[in-house]
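I've put the structures underneath this note.
In the two complexes below, subunit A is the common chain; its partner is subunit B in one and subunit C in the other.
For the complex of A and B:
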């Protein structure tokens, strides 16, 4: 399938789920979607378009949380980034692990670092942070405050 | 039979870096595995948000001692994707040369370690001796054996001197016969066959499901290489082949890496032959608000960087995804059902990122200008042994 065909199909099949398509460059497309329809669009891209899941990146935008799911279609060199916006304080989205195993670790990472809950994830335990890290403290959030006064950390100096 | 839990790590003589594998075994068979990482978590993503775009390059370079080119490469490409800007041709070629040099030394490092894990230390010694030659080449080209500091958003920091090029090509040619000998010795070796063939098979379906990357995926028959799929640098301008094997066992991963070393040498030589002249830096002034993605093929697989800019001189968000992050979970598909004696090499077969120590050089301030070379170090170590002997009363 050609690039234009893929974008046309995505717009047509998911016309109620896609909010905005930003055609950045020949290799990059950013598609903003509704968060309820993440699983069906992702499984279409992963299974039908034979894309590879790169990773997901969560960004704290103060009022809302943004997650970008990056997929690379290797045959035509197109990187599709699905953008999902979650309104605070209800940070919850469906897990992609039932669709493909590759999303397992990155969802665990986002869970502990940004505090996003993934519904349907088989085992949402800690991955990077130590065991004595307190619950409800998320280091990559904008409102993160240092909780351990004794720890030596880089203070931006 | 009762289940037993065998912990490997987090601090274990076998591993160079802290990782914790919890193997559940029934007799000698592994029935379950759980991985715990995070002992080396340094918060680089957060740290990068506190540095300017230019300073971040140096922080990123220190994510890993082995992939010290891959991470800055992906990061600079992500920053260039924000603007967007094309780097000058000469910079593209030089970036490719440095990245391939890194691939050679990284693959050789793994090959040596694999020999070590199998208890075959001859391979380890031979391969690491050969790796030294590559590190010397990198020192000629960049001034450093590792952590080259060659990358900057928009181009490269230093040019390659034209008088160095024949020396480097000669050195590259001189390692090929040794490498050929090693290839034959390793690929035909009955011990390595016995220990790696049919062990830890990773199927093609699993490779797609786990989104495995790099040699781990290519050994399972998934033709996946960012250098071919999404060409960058000079990879679409010089000739080279992607190595793909189909069995998915440890032996095939080994073969992929050995053959890739030859391809890398080919790429480097082709790059030197076609090296264009001209500028090496696009001189980026300001980074506009926006977001960019940089993907490149590190020795272990695709390295992914996502950078968001809000118009200031610091990244608003910087996401780093190293290839091992995707490859490490595949141990669930490979190690279960195998014998515990094979578990070490299976877990090591994905080439988890080890940090390597540098050569010790004491560079002093102006007062005491003393730089130790290899002979001095040997003398120092002998002196120290002598002192220890006297202390302990050993003759």
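For the complex of A and C:
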């Protein structure tokens, strides 16, 4: 399938779920979607378009939390980024692990670092943070405050 | 000079530990071992196990998880030993000083004998630092 064809099909099949399509460059497309329809769109891209799941990235944008799921269609060298916006108090989204296993660890990392809850994830435990890290403290959120009383933050000169 | 200390200073075997660095200091340390700088002429050799080592060479900013391991390695190194911190991160955590994962500098966790600043330090600086350390230890023991 050609690039234009893929974008046209995505717009046509998911016309109620796609909010915005940003055509950045020949290699890059951002598609903003509703968070309820993430599983259905990403399984279409993964299974029908034969895309590879690169990774996902979560960003705290002050008013909302944003997750970008990056898919690469290697035949035509097109990187599709699905953008999902989550409104602040309720940070919940469906897990993509039932669709592809590659989402497992990145969802665990986003869970521990940004505090996003992935519904349907088989084993949502800590990945990288140390064991003595307190619960409910998420280091990459904008409102993160120093919790460690023993931390030294000056250079000693 | 005791035989132990003499053997330590004659050919200090080095164990290289990276506590979460960007690998630039590690590349410079590997540079020291290449024929151009050839640190083996001072008897220094990189060893694979901490139990064979006399010198613990630390790079990186020392994050929460790796400092546990560094502490454990320091307990296992045969004493008397020397600890060398290489690079700005190992000295004062550099740009990671406010990072949530780097609460304390390395020298608050294990005693450091010599600091080699630079981001990354040149191989010449690393060699100079280690030679200075050996000289200093020699001089201190002569006095006693």
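Some points to look at:
As a working rule, the second predicted complex is superposed on the first by the 151 of 157 C-alpha atoms of A that agree within 3 Å, B and C clash if a C-alpha of one lies under 4 Å from a C-alpha of the other, contacts with A are read in each partner's own complex, and residues count from 1 in each chain.
Everything that follows uses one rule, which is that a contact is a pair of C-beta atoms (placed from the backbone, for glycine too) under 8 Å apart; a residue touches a chain by one contact, two chains touch by 3 or more.
Since the model is a prediction, treat every value here as computed from it, not as a measurement.
Once chain A of one complex is fitted onto chain A of the other, the partner contacts of A:53 are limited to subunit B, with no touch recorded for subunit C.
When the shared chain is aligned, subunit B comes close enough to touch A:68, but subunit C does not. Of the two partner chains, subunit B is the only one touched by A:104; subunit C is not.
Touching more residues of subunit A than its counterpart among subunit B and subunit C is B. Looking at the shared chain after the overlay, A:148 reaches subunit C, while subunit B stays out of its contact range. In the superposition on chain A, contact is made by A:130 with both subunit B and subunit C. Contacts of A:139 after superposition: both subunit B and subunit C are touched.
Comparing the two interfaces of subunit A, the one with subunit B and the one with subunit C have residues 129-130, 139, 153, 156 in common.
The touching residues of subunit A, counted against subunit C in their complex, run 129-130, 132-133, 139, 144, 146, 148, 150-153, 155-156.
By the touch criterion given at the top, residues 64-65, 68, 92, 97-98, 100-101, 103-105, 108 of subunit C touch subunit A in their complex.
Put simply, subunit A touches subunit B in their complex at residues 25, 27-28, 30, 52-55, 57, 59, 68, 70, 72, 74-75, 77, 79, 81, 100-102, 104-106, 126-130, 139-140, 153-154, 156. Subunit B meets subunit A in the complex at residues 37-38, 41, 43, 45-47, 50, 81, 84, 208-211, 224, 229-231, 291, 293, 295, 302, 304, 306, 308, 316-317, 319, 321, 325-326, 328-329.
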